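Listed next: structures, encoded as structure tokens.
After this come two complexes, each holding subunit A, first together with subunit B and then together with subunit C.
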Partner chain A sequence: MWVLRINMSDQSYKLEELPEKYKLLYGRALTSQMVYDEVPPLCHALGLNNKLVFSAGVVTGTAAPTSARVSVGGKSPLTGGIKEANAGTAWGPDLAKMRVRALVVEGLPEKKDVYWGAKVKWDDEAGKPDVEFFDATEHIGKDVYEVYPQIFEKFGEKVSIASMGTAGELGYGNSGVVFNDMARRPSRYAGRGGLGAVMASKRLKFIILDAKGAPGIDMVDKSLFDEGRKKLIDAIRSHPISQPKGGLNSYGTAVLINILNEAGGLPTRNFSAGRFEGAAKTSGEAIFETNKERMGKEIYNHACSPGCIIQCSNTYYNEDQTEATSCIEYESTWALGANLGVDNLDDIATMVQLCNAYGLDTIETGGTLGVAMEGGLLEFGDSKGAIQMIHEMGKGTAVGRTLGGGTEVTGKIYGVKRVPAVKGQGMPAYEPRAVKGIGITYATTTMGADHTAGYTIAPEILGVSGKLDPLSPEGKAALSRAFQATTAFIDSCGHCLFIAFPILDIATGFEGMIQECNGVLGTNWNADDIVAYGAETLKVERKFNEAAGIGKEADRIPEFMKIEPLPPHNQIFDIPDEALDSVFEDL
Partner chain B sequence: MRLESFPRLAVGVINMKIDVWLYGVLSMYASEKAEKGFASVQLELSEGTKVGELLKTLNMPTEERGITFINGKLSALPGLQPDLNQELKDEDRISFFDHRSMWPFQYRHGAAMASGLNQILSTNPETIMHHKQKGED
Partner chain C sequence: MIVKVKLFATLRKYLPGVELGKSLDIQLESGTSIAQLYDVLGIPAEEIKLAYVNGIFCEMDTELKDGDEIGIFPPIGGGSY
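Right after this comes the complex of A and B.
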């Protein structure tokens, strides 16, 4: 196992033995630990001293179902704190199969106008990976959908590619790192927190992985792994949400639109209401029915990455049966739909595609445009105007660069006081005033408002029930802590977070996940160890943030949510600060 | 949509209007053509009609539904339906989802619930955290 360091100051690389202390760290646990160990918390996120760390999960690269995830970490230019963003892509397993536990991009070249590509391939003779650099300057300033096919043509269809779009090149806080999906689209984003700009600041346009001939994953106890794998597969296949033709496979994550809308928790027109009259037209059900009508048959979703048996990723088709975009997630159709007062699915699809093409995060883009609409730049509902603004962002016009700074920056520039952001990161699609529990997680996660920070597994296993009243603020806070720790573990094990849906209800699936990890690592982990592992990661992340000047005072929901009642329930966010502070008090 | 299209079940004076939303495959229980992925119908019913009676009026077996809302308050989950005897009121909005729909606990933790589910939450919180109930397929 190695740490592969790519130094962009002189385009050199170094292969180091994995230090003993990182032996059990993977994915988010490792990216966060290495960022903590190596990045000065007060450094400039786009400067010499920031680093970008990639790591795949424990079971990534094995036959474990739905496990092709890779974490990307660094100091975030959007929040100023630590960041981990992850994506499902063949790039993850390719890195793991070459036995590179962490790929670290560091340094900064003096020449600003030359961009590089780094190709990492398995050297069979030497029995280790090597790196070649090439000039990638010709690919700058372009749509990544134009660039990716050229790179695949040059390096072969079997490689996998990490990159960023013009949003990263322009240094936006709103810019993701992109990876290819199974159809080689540049559509799988580690989207949040501006890590695309960090990669671009190092003048590294591509990291290409060619794992041909690589040895793959070593396992300590293959039969234990197989037993666990089988249990997890059974759980995924038998749960209504994750099974074939089930909720996610039929309607994708956008299955949540109608639910949150009925619950009065779908943020509408920049978080001024919790229900959008046009929501149903932008939902997963509507995507499914529109495709059926246009394509003349039912179309189920596909896998974003190898070995996924949940397959939640949709494709949306135009009237002429050409592909409009893949994929429209819940967060995307909300951010660019209800949040902007837009109910035209075709326009939403266009916006999603443009965000992918320019390297923008759809959530941050929607949040930004919502604030800009409130500030008077555009009218709510003006989808054509919104499309134009995304072009401006991607092309780097004056107004576009303003918006590229993200939700909070845009709020300042336009003098808007209703700015839905925590720690500088725009809020995703669940209204804290209607769903208080997620508000607690938004406020307290190290990542800035993040909907993927608090997934849960079976409450019986978490051991949280019986000890607290889930209706009380303290009870909700305790649950949030348990959820965040569990999530940090799942983000480290390599499984997609969506396995949390079946393992919440099917205890053997949860056991299976732990057995898989024990099989690979030779550990003897039980459920408590899992939660403790995740909690360790949270601790490290909080320490980094504190040293970066982001203490518990930043664990707060924006003020307007505490004073403006949200229709239709007319509720405010009334969780007291002490309850928020209690989440990590005795971590 | 007019009441005449449904079998009349409720007795007494027809004196309240209910807004019914049927999502996903449940839209087939609306007698008029559904929109893409949902149907919305207005029903006129007599005061005091219960959720269970409304389901009969719609000809919809209660097992067909999963997540249910009454005025934005969660009233039922797949396999957990403490709302069958809840009385509806004039201008209530009731929404039914099929079993493909989901609302994972972390995304509904602290959301408004109808009295039946709230009661279960205070006595047996684990039940509420699950999406699928034991023995349910």
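Right after this comes the complex of A and C.
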């Protein structure tokens, strides 16, 4: 196992033995620990001293189901704190199969106008990976959908590619790191927090992995792994949310639009209401039914990455049967739909595609445009205007660069008081006044407003692992804490977070996930151990943030949510500060 | 009494022809519970996960009232990304 360091100051690389203390750290646990150990918390996120760390999960690259996740970590230019964002892509297993536990991009070249690509390939003779650099300047300023086919053509269809779009090149806080999906689309984003800009600041345009001949994953106890894997597969295949032709496979994540709307928790027109009259037209059902009408048959969703048996990623088709985009996630159709008062699915699809093409995060883009609409830049509902603004962002016009700074920056520039952001990061698709637990997660997670960090929506709205009253504050700090710790583990084990639905309801599935990890690592973890593992990661992230000047005072929900009641339930966010503080104090 | 019913995702087949997001008025005897409404609609109980009545999650034995708006869902999930 190695740490592969790519130094962009002089385009050199170094392969180091993995230090003993990182032996059991993977994915988010490792990216966060290495950022804590190596990045000065007060450094500039786009400067010499920030680093970008990639690490795949414990079971990534094995035959474990739905496990091709890779984490990307660094100091975030959006929040100023620590960031981990992850994506499902063949890039993750390719890194793991070459036994690179962490790929670290560091340094900064003096010459600003030259961009580089780094190709990492397995050297069979030497029995280790090596790196070649090439000039990638010609690919700057372009749509990544134009660039990826050229790179695949040059390096072969079997490679996988990490990159960023113009949003990253322009240094936006709103910019992701992009990876290819199974159809080689540049559509799988580690999207949140501006890590695309960190990669671009180092003038590294591509990291290309060619794992041909690589040895793959070493396991301590293969039969234990197989036993666990089988249990997890059975749980995924038998749960109605994750099974073939189940909720996710049929309707994708956007199936959530209608339930959040019914529950009064779908943030509408920049978080001014909890219900959107046009919601149904933007939902997973609408995507499914529109596709059926246009394509003349039912179309089920596909896998974003190798080995996924849930397969939740949709493709949305135009009237002329050409592909409009893949994929429209719940958060994206919400951010660019209800949040902007837009109910035109074709326009939403156009916006999603443009965000992908320019390297923008759909959530931050929607949050930003919502605030800009409130500030008078455009009318709510003006989807054509919104499309134009995304072009301006991608092209780097004056107004585009303003918007590229994200939700909070845009709120300041337009003098808007209703700015749905925490720690500088725009809020996702669940309204804290109508779903209290998720509000606690937004407030307290080290990431800035982030739903994935502690997805209490499962019990509060969906009835997964019990059913709790979303409007009640009771017990929600403990709930968020437990979800945050477990999630930090799942983000480290390499599984897609969507295995949470079957494993929260089916105990043997949960057991199976732990057995898989024990099989790979030779550990003897139980359920408490994995929560403790996740909690350790949270503590490290928290320490980084505190040293970066982001303490508990930043663990707060924006003031307007505490004073403006939200229709239809007319509730405010009524969680006391002490309860918010208890999330980390009692960790 | 009359209640307004919306079905979502895989349950949509039980109210064919109703436009997505639109509700259908259903006449019920007063005192009908949510579970009894499922029978009226002919939806097998195991296909249903939960119902929101006027935006509030309600248990199966909740009695419905005239004018209630009910959204009924199968097990669904997503949105973690």
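As a convention for this text, the second predicted complex is superposed on the first by the 567 of 587 C-alpha atoms of A that agree within 3 Å, B and C clash if a C-alpha of one lies under 4 Å from a C-alpha of the other, contacts with A are read in each partner's own complex, and residues count from 1 in each chain.
Keep this in mind: contacts are C-beta pairs under 8 Å (C-beta built on N, C-alpha and C of every residue); 3 or more make two chains touch, one makes a residue touch a chain.
Everything quoted here is computed from the prediction, not taken from an experiment.
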| item | value |
| --- | --- |
| Touching partner for A:Ala280 - first (subunit B), second (subunit C), both, neither | both |
| Partner chain(s) touched by A:Tyr26 [first = subunit B, second = subunit C, both, neither] | neither |
| Partner chain in contact with A:Phe155 - subunit B first, subunit C second, else both or neither | neither |
| Partner chain(s) touched by A:Tyr442 [first = subunit B, second = subunit C, both, neither] | neither |
| Partner chain in contact with A:Leu497 - subunit B first, subunit C second, else both or neither | second |
| Contacts of A:Trp116 with subunit B and subunit C, given as first, second, both or neither | neither |
| Touching partner for A:Ile241 - first (subunit B), second (subunit C), both, neither | both |
| Contacts of A:Glu331 with subunit B and subunit C, given as first, second, both or neither | second |
| Which of subunit B and subunit C A:His569 touches, first, second, both or neither | both |
| Common interface residues of subunit A - those touching subunit B in one complex and subunit C in the other | 239-241, 246-248, 250-251, 255-256, 258-259, 262-264, 275, 280-281, 283-286, 289, 430, 451, 455, 458, 469-471, 500-501, 568-569 |
| Of all residues in subunit C, those that touch subunit A in their complex | 6, 8-10, 12, 20-22, 49-50, 52, 55-57, 71, 73-81 |
| In the complex, subunit A residues that touch subunit C | 239-242, 246-248, 250-256, 258-259, 262-264, 275, 279-281, 283-286, 289, 312, 329-331, 429-430, 451-452, 455, 457-458, 462-464, 467, 469-471, 497-498, 500-501, 568-569 |
| Subunit B-touching residues of subunit A, taken from the complex the two chains share | 238-241, 246-248, 250-251, 255-256, 258-260, 262-265, 274-275, 280-281, 283-286, 288-290, 293, 430, 434-441, 451, 454-456, 458-460, 465, 469-471, 476, 479, 483, 500-501, 504-505, 568-569, 571 |
| Sites on subunit B touched by subunit A in the complex | 21, 23-24, 35-38, 67, 69, 71-72, 74, 78, 95, 97, 99-112, 118, 121-122, 125-126, 128-132, 137 |
